[in-house]
Structure formats: structure tokens, C-alpha cells
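Next come two complexes, and both contain subunit A; in the first it sits with subunit B, in the second with subunit C.
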Partner chain A sequence: MTQQIIVNSRAIDILAVLMLMTTIVLIGTSRLRTCIWAYACRSFMLTLASGLIAYFSGIHHIYITTGISLALKVIVIPGFLFYIVKKNNIKKEVGSYMNYTLALILACGIILIAYYSTQNIIQFENIFMRHCLPIALSITLLGFFVMIIRKQAIIQIIGLITMEDGMFFAALSTSYGMPLIVELGLFFDILVSVIIMGIYVYRIKESFDGIDTDFLRDIRE
Partner chain B sequence: MIILLFLIIPIITAIACVFTKKHGISKYISIAGSFIALVYNIYLNYNIYTYKTLQGFNNFFYVDALTILTTQIVTIVAFAAALYSAGYMETELRWGKISEKKLQWYYFLMHMFIFTMLLVCVINNLGVMWVAIEGTTLATTFLVGFYNRKQHQEAAWKYIIICTVGITLALFGVILTYHSAKGVLGEIGYALNWSDLRTVADKFEPHLMKLAFLFVLVGYGTKAGLAPMHTWLPDAHSQAPSPISALFSGVLINCSMYGIIRYHILTSKCVGSDYSCTLLMIFGLISVIVSMPFILIQKDYKRLLAFSSVEHIGFVALGIGFGGMYSVYGAELHTFNHAVTKALLFFCAGNLFLKYETTEMENIKGAIKTLPVTGTILAIAVFAITGTPPFNIFVSEFLILADGFRSGNLFTIIFTCIVIVCVTLIFVGFIYNMFRMIFGTPTRDIPKGETSKFTTAAMLFLLFFVLIISFYIPPLLREVLRNIYDIIRNV
Partner chain C sequence: MTAEIILPILQILVVVGFSPLVKGFINKIEARLQCRRGASMFQPYYNLVKLFRKDAVVSETSSWIFRATPYITFISVLIISLLVPVLSSQVPLNFTGDIILIIYLFALARFFLVLTSLDTGSAFGGMGGSREMMVSSMAEPAMILSFFTVALTVNSTNLSNITSTLLNNSILLLNPSLILAFAALTIVLIAETGRIPVDNPFTHLELTMIHEGMMLEFSGRYLALVEWASSMKLLLLLTILVNIFFPWGIAGGLTFSGLIIAFALYVVKIGFFAFLIVIVEMSFAKIRLFRIPNLLGTAFILSILAVISLYVVR
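For the complex of A and B:
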């Protein structure tokens, strides 16, 4: 079994790199729709990687999570985000606190940090993990970075689910996913939190006349 | 089975509150439901007293002394909050601030919130515990933004974003723990059960466990309100309706602390207790220091109470971090004391808000004249929360700080000295700010009298606990606290 995984880790590595690239798209673009498409693409690659791991490892419950992930992350959540954008008439450009060149350079720094900080762990592990864990951590940190540098509520939601995707990939690559019940709970939490945030985007739009989180500065000492 | 029943009580209560057609019934359902949970918890407590641990459903649930203390706090404060809500929300309903439909949803969300907190405590699987802690965030976002004005939406948005990000980081800790457990326990699906992990924790990869604990501490620490991740806490605690603020400050932060303690036990067993104790001590110290200036300059009394929660969760972290027998005992006692006292203070704050319709401390004068009972209880509770002898918080803070000096370690002693200076300043800030509100003559002509029978009953119920712990620790509680020390020392 282990032999097979090592042979096919190449395919998963390629998918991991593609996922990282689609995450960088979030930092390099100002168009909201592109960001949602990038998220949907990355989720699709994640699902594909998950399906491959299920196939090669022969652990059946990963098929279930792959199926749910396909339905939820590739179809439902991006669809819901497009729906919010359309319903609230959100302008296409997303403001940023940082110019794009600097943000991209910092993003490279973040990837280096992720590689550096996981070095200690992965030197004992199998080849399969060697690239996947740092990439998973980079995706998580990049999601965090997107949330910090962008002004708009919807892109913050995307940053958040990017972080969760990174975690999902970390779980897959280190230990072939979490126990099934935990995965199910995770999906449930992600879905509910995205819906609640969507509702709040609508409410904030109604009362603040826009969804830039700059406006949220009423409560202060 | 008996544990499952315990979890079903709040769910049934929540659903019953939504589906009652007749107006005015839901508050009685909510009070009855939380009362049953409270009594049931005492029954569980006796079980733990005899058997030490309870397990159920193929080890899915696991209850020990640490659980039982936290659920006891949850059920006591939940009962008080249900009682208080009956009076508080009824008044708001009468004034037309909220609609009847909304009130029913309020009760639904409140009991779902209580359910998720109980789930966090009784669950054995660390992954599902993560799901449940995230569940507490999801159940309460609408409660933070309940009145749906600008500042409430801002607080709710901050709350859900910051807490979800924090908890996502904690997930990485869970994944690393799972990974290291899998290496030891093999491919069994229960690899995340805390009771199993605890027995084999010494065989885990130390690097992984250290990293895992760091992520869990930062992640759950966000939810627990440890500084510097506490930024959502003052906003959310001050914008939520008062009974919900009481639940937030009293028990929600303890539930997250409970999660941290579970990992603390595993990490101590794996890499020795120094690593996690030091981290807990540092975060605890930062929390106490950070909250101090904000308490001194505060203008809004609910925010003042919220910052005080940051201070007290810092105290709990310090107590666990010192790791001695007295300090762990004191820290666990402190969670109980802080929960009842802070909930009591938030109830007083709610009464003040209903009377004066402002949260600015400047605009409130002579509370003891317009609200005789609330004013008196507020004065007692302020003395209690600042750690004035002979009240309950003094007992637990003294135990924690005494162990700080006893340890003989230079850093610990310096930490303790800094904490004592901060606590003194916090005492000054509290007394100065609060007593300006309690005494003096009311600036406006405000009619005398308490808000409602229910609110007064809720306050007296909590005051009973504040006073009793000040002078006497019941044997049942003492035994639970001793057992917790054994669990944390991994005996």
C-alpha cells in the first residue's frame, strides 16, 4: 500500500502546487468574481486530491468526504457566494490595504516560512507528506493574509474558507483525513458559518451602505 | 445513556420554546428546562463522586471531575440566565423593543448555546470537541447581533470572524494530535478519544505535540478571551443582551479553557509540564496586564465587566500554569467563583440598563436609591469580583498567588508580583467607576423599583453561591476540585 502511495504522490504533488497557485490568485487580483472562481477551482483540485488518496489508500470513508466536499465546496458554497454578490449588487473591485506587488512578495515570504517551520516535523515522515504539509500550511496562512489585507466582507469569507481548505488538506496529507464523524461535523460547521456570514453581509450592507469592513469602526474605547 | 439524556434536555427545551403558540409560555418552559438540567447535573455529580469517571456510547462520552465542574457552572449560570431572561426580555417585549417571534428565537438560540457548551464538556473525541466549540460560536452570533443595530452588527461580525479564524488555527492542533496519535495507536477510528490518548501520550512525537499545543492554545485561547487574542470579547460581551453576556462571561470562556486544559494534560504527559505551563503563565500574565488600563479608563460599564473577564481568565491560566496543588485547586475554584460573580454583575448591569437606558457610566447616579436591591447586590458583587476579603474571589486568587510565591522560581515570583500590582490597580478602577454609579443623587427623575420578580430572584440565586463559597466550600465541590488536581497531574 505504501509503495503505491509513493508512486502516485507525484499526481498529488502537482495538485498541491496547483492549489497553492490558485490561492495566490486571491492575493493578486482585485476582481471579486475571479476570487470566487479561484476558490471553486481550488476546492475542485482538493476534491480530486482527496479522491486520489481514497483510491490509492483504499480507505473507504475518504470517498464519503470526497463526495460531500464536491457537493459543498465546489458547488454549494461558491454558488452561495455568487448569489450574495448578485443579490447585494456588490461592486466588482475589492479594495486592499496594501499594493499588489508588495502583497505578492509577502505571500512568497509566507510560503517560505511555512516550509521552514514544518521542516522539523517532516524530516522523519514519508515522501508523501514532504510537500503536502508545507503547502497545506501555506494555504492556511495565505488565507489568513488575505483576510488581513483586504477590506471587503466577502473576500474575508473567502479567506476564512481558504484557511479551512488548508486545514482539510493538512489532515488529508498527514493522516488520510480525520475520523468520519469529525469530518462531517467540520463540513456542517463550514456550511453554517458561511450562511451566517452571508446573512451578516446582507445586514451590514443594509445598515452601513456598503460592505467594506472599514465602516465597522463604531465601537471604540 | 444518562449522559445522552443530559444533552437532550436543552435541545427539547429549545425546540419547545420555538413551537409554543401561546404567548408567555416559552419563558416558563425555558426556566423549567434549565432547572431540570441543573438538578440532573447534581445527580451526575454524585455519580462521579462514587465512580470517578463515566463513559457512554462506546466511549463517545467521557465524564470526569473536570467535566463535572464545568457542566455544573454551565447549568447554574444557565438556570440563573433563564430566570433573568424571563424578567429582562419580558420588559423589552413590553416596551416594544423586540417582537414576540423574536423572543421565541431568543430562547431557542439560548438553549442551543447551552447545549453546545454541555457538548464541549462531555465529549470524549477531541475532534468533535472542536466541532462543538465552533458550534458555540455559530449558535451565539445572532444573539450578539440580537438588536440588529449598527454597533450590534459590527460586534457580531467581529465575533464570528475572529473566533472562527482562531478556532480554525486550533484545528491544526487537533490534526497534529491526531497524526501523532495515529502513529502510536494505529488505524483505529477512535484515535482521537481523549481517554485513550491520555494513556499513551508519553509515546507521542514531542515536536508535534509542542506545535499542536501552541496552535490549540492560540485557537481556543481566542475563544477563551486570553490576551492578545481577546479583541472580540469586549465588543461581543457588551453588545449582547445582558443574560447572554452573563453566559458568555461566566461559562463560554470556561468551556474554551476546558479544551485548553485537556490538551495541557496531554502535552504535559508527552514533553513534561514545563512547556505548556510556561505558555499558560505567559498568556495569563499578558491577559491580566492588558485588561488593567482598559478597566481604569473605561466609560461603558458592560465593557468594564467584559475586560474584567479577560483579567479573570488570565488568572485561571496563571493558576493552571503555576501547576502547584494550591494553584490548580485555586484556579478551578476561580472558574466557579468568577462565573457566578460575573454573571451576577451582568445581571445588575442589565437592570441598570433597563432603568437608565444608557451604558455610559457618567449618566448613571444613585443606583442604590432607584434600584435598592440591585444597588446593594452590585456593591457586594463589585467587592467580590475585585478580590476583597472575605469574598469568594479573594479565596481563589489568594490560593493561586500563594503558590506563585511558594514555587521558589524567580520568574514565577516576578510574575506574581506584577499580577498583584495589576490587581490592586484594577481594584481601584473598579471601585472608582462603580461606586460613582451606585451612590449620589439621580440626575433625572427616575421612578423607583426593581425591574421584575424574575430578575431579582436570579440575582439572589447567584448571590447565594457568592456568599456561600466565601465562607464554606461544600464537600462535594471540594472532592471534585481534588480530583481535578489528580487529573491534571495525571496521577
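For the complex of A and C:
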């Protein structure tokens, strides 16, 4: 019985680690399409993890969030991002304010901070799924980091939804998700914000012939 | 007693005998997937036979290092083949070396190859050597740290202990740190064996080659030995990867039936990973030389996270 619990929590831990690896890909790559694929992959892992948590815990409403997150995060949002990239003829290289190796090293530091700062909590609270909380925190911080270091608007959108993924995973792994109505609201928020930012990307492209958010500095006069 | 004699012989036969076949297999599958017919799977053997028959040309300006290097390279890889669990979890040279020795024997072979590339004074050799050193200076820490992750998980650096512990206690394999180490080691394997995202093994275009650049001056039996050693290195790294992270089927003792099953599963596992290498080679273009630090930096960070998460999350 306990053996089974350990295997279950290890399975979710492994999915969490895979999510972390796809987030690192987001920082290490300079290709826009790879970034979107990495996001889609991570969302798929997240969906899988939430499905497993629903199955292991027997809480039924997590199945609903799993279904919605599969439809929204794995299919709709990456599809929409690919659509924006294709429609606006966005160039394939993502500009960065920071050299990639340095960014990777800082990302490593961020992950270590997340691991050390959650250590005290994990030791008392949840004996199982011990990698989940630090990884959820580090995905949140890494999303923020991506938003800071990258120039293009699309990748900043990905950074934002990465942060949301981290929050979602933290809630899921520590307290089996938030109440259903809250999560439905969150999904709706994410969808709306991605669409609004898609329009925003289109406007920047129209006005400045490129989607680096640097151009927005020219506006203040 | 006989078993202790048979095992090392068997192991050397498998590694030395099958390593050209693995290379031929990878080339063949890759050719088929690119809608070419490709050379026969046994082509590397024909190459080796032909090269051994030919005379070696040695530059007048080269020193004894040039002549010693092929043997040093070959023999150090040969020693590694006795340090790695291939068919049985018992390792022939168990009493004298562990996972750290393997890393340093690989480094020794590489060090002499680089020395030779400088020795003959050819410009391409020196360039290949310096590039090889650049790649290895970033790949080696990642390799060491991911080996340490494995060693820390089972509290032993001895490969024989590692494999048998992981075999008997498979739940240890579900450790998320090991997944990180596995990912790091896979990237390192591709970089160390000079496969496509890092180096193109088929190119003889001067500006892009890394590993081939160092071997330009070799000919005849020297070239044969160095090529053979490099294909053995590929097979050995694959073996380490396969037998640490997927140890199922490896023989615990030294019974005849156990070894047969182990050999069958070993062929299947190596074939599968060789196929994965082909898929990677097919789906990526060779990256620019100055992008290599990105890739290897990722491997290094994954391995650091593997070690640290092992310590933090006890």
C-alpha cells in the first residue's frame, strides 16, 4: 500500500521535473516556434499531472479542470500563438536582453532559490510529491524571468502564461486544486488575456513593423 | 572460476566486435529514413579491414606522440569496456576502478588525440583540437555531475554496485533527480560522440569539423585504430546510459541462460537508443559552433539541478 503511494507520488514528481525541463528549454532557445512547442509540451505534462492527481486522490472536480486545461492550454492557446506568428510574419529569432548562457545560469540560480526556500515547508507538510512545490514556484519565477529578459511580445505572453501554469500547479499539488469556480474563472482570464495580448501584438506590428516591445519606448514624448 | 575468465572475454568480444556494427546500423537507418539505400550495415568492418591492410603515412615533423596515440586511445577505451557492466552486473575490473576512472580514461584518450592534432602542425588539426577541447570542457562537468547523481542515489561509485542496486530496487529509478541526470547525460553523449547537433561525423568540410579535424593526419592502421576507438566510445556511452537507467534484463549472476537473455535485451535496448540518436540527427541541423555552449550549458544546468535536488529534497 505504502509502496503504491510512493510510486504514485514519484510519477507526479517525474512529470513535474519534465515540466521544469521544458521551462528551461524556453530560456535556452532562441527559436520562437520551439518556445511555443515547449509551452504546449509543458501544458500537456501539466494536464497529465492533474489527471493523475485527480485519479489518485479521487476528487472528481479535478477531472473537469484537467479537461478544460487540455482543451485550452494544449490546443487552443498554442494554436492561437502559432496563428499570430504565421499571420503577422513574425521573424523566427527571439531577441533577448541577456546572453543565453548567462540567462541559463541565472535560471539555475532561480531554481535553486525555489528549492531552498520551500525546503522548510515540504519537510513538515507533504511527505510525498516533494519536488512539486519547489518546481511550481520555480516555474512561476522562471515565467517572470522570461518576461524580463525577452524582447518580443509573443514570448512575453508565453512568460505570463508560464507564471499562471506555475500557480496552477502549486495549487494542484499542495491542496488538490482550488474550488472549481475559481479555476474556471482563472481559465477564462487566461484565455481573454492571451487574446487581448494577441491583438496588442498585432497593433505593435502594424505601427512599428516589428514586435519588439522596445518600440513602445518611442511613444513617450 | 571459469566464469571469472569467460566474462571479461565475452565483454570485450561484445564491445570490440559489435561497435562498428552499431555505427553501421545508425548510418543505415539514417540513410533509409532519408530515402537513400545507404551503405551496408557491415561497411565499417570493411573499412577497418581495408585500413589495416594499408600502409601508414607518418609526417616527418611528427614525434613519437603521433605513433603512440592510436594505441593509447584504443587501449584506454578497451579498459573502459572492462569497467562497464555490459551483460552482467558484475564488472570484470570491479576491484580496481569505478565510475570516476571511466571519466578520466575518456579524458586521457581525448587528451592524446588533441596532442597529436597539434603535433603534426597542420592547421586543421589544431583547429579541430581546440574545438574538441572547447566542447569537452563543457561536456565533462555535466557528465561528472550526472554520474555523481547516480552514485549519490545508491551511495556507491562502483558501477557493479550501482547496476545491481538499481536492478533489485527499481523504485530508486523513479527518483526525479535521475530523470534530470538522464537528460543531461543524453545531451553529453551526443556531444562527446560527435553526433549531429554538435558535430557532423560525415563532414570533411574543413570549417565545420571537430572530431574529424583531429583525425585528418592519421592513415592506415593508425586511422583504423582511432576510428574503431571512437565507435567503441559510442557503444560504451550508450551501454552506460542503458544499463544504469534501464537495468532490467541484465544478468545478476553468471548463468548461461541469464547471459543469453541479457544479450538479447542488450541488443534491443542499444538498438532502440541508436534509433533515438538517428531521430535526433534527422530532426536537427548542426548548430553553429558558438551555439554549442547553449546546448551544453543546458546539460550542465540539468546535472547541477539533479545533484542539488537530491540533497535538498531528502
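What we mean here is this: the second predicted complex is superposed on the first by the 209 of 221 C-alpha atoms of A that agree within 3 Å, B and C clash if a C-alpha of one lies under 4 Å from a C-alpha of the other, contacts with A are read in each partner's own complex, and residues count from 1 in each chain.
Keep this in mind: a contact is a pair of C-beta atoms (placed from the backbone, for glycine too) under 8 Å apart; a residue touches a chain by one contact, two chains touch by 3 or more.
Since this is a predicted model, take the numbers as computed values, not measurements.
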{"item": "Clash or fit, subunit B versus subunit C on superposed subunit A", "value": "fit"}
{"item": "Subunit A: partner with more touched residues, subunit B or subunit C", "value": "B"}
{"item": "Contacts of A:Leu46 with subunit B and subunit C, given as first, second, both or neither", "value": "neither"}
{"item": "Subunit B versus subunit C as contact partner of A:His131, first or second or both or neither", "value": "second"}
{"item": "Partner chain(s) touched by A:Gln119 [first = subunit B, second = subunit C, both, neither]", "value": "second"}
{"item": "Touching partner for A:Ile219 - first (subunit B), second (subunit C), both, neither", "value": "first"}
{"item": "First (subunit B), second (subunit C), both or neither touched by A:Val192", "value": "first"}
{"item": "Contacts of A:Leu104 with subunit B and subunit C, given as first, second, both or neither", "value": "second"}
{"item": "Contacts of A:Ala11 with subunit B and subunit C, given as first, second, both or neither", "value": "second"}
{"item": "Which of subunit B and subunit C A:Met167 touches, first, second, both or neither", "value": "first"}
{"item": "Minimum C-alpha separation between subunit B and subunit C after superposing on chain A, in Å", "value": "19"}
{"item": "Partner subunit C, residues of subunit A touching it in the complex", "value": "3, 6-7, 10-11, 13-14, 16-18, 20-21, 24-25, 28-29, 100-101, 104-105, 107-108, 111-112, 115-116, 119, 122, 130-131, 134"}
{"item": "Residue ranges of subunit B touching subunit A (in the complex, touch as defined)", "value": "125, 127-128, 130-131, 134-135, 137-138, 141-142, 145, 148-151, 153-158, 160-161, 164-165, 168-169, 171-172, 174-176, 178-179, 182, 189-192, 205, 207-208, 211, 235, 238-239, 294, 297-299, 303"}
{"item": "Subunit C - residues contacting subunit A, complex", "value": "171, 174-176, 179-180, 183, 293-295, 297-298, 301-302, 304-305, 308-309, 312-313"}
{"item": "Subunit A - residues contacting subunit B, complex", "value": "120-121, 124, 137, 140, 144, 147, 153, 156, 160, 163-164, 167, 170-171, 174-175, 178-182, 185-186, 188-189, 192-193, 196-197, 200, 203-204, 207-208, 213, 216-219, 221"}
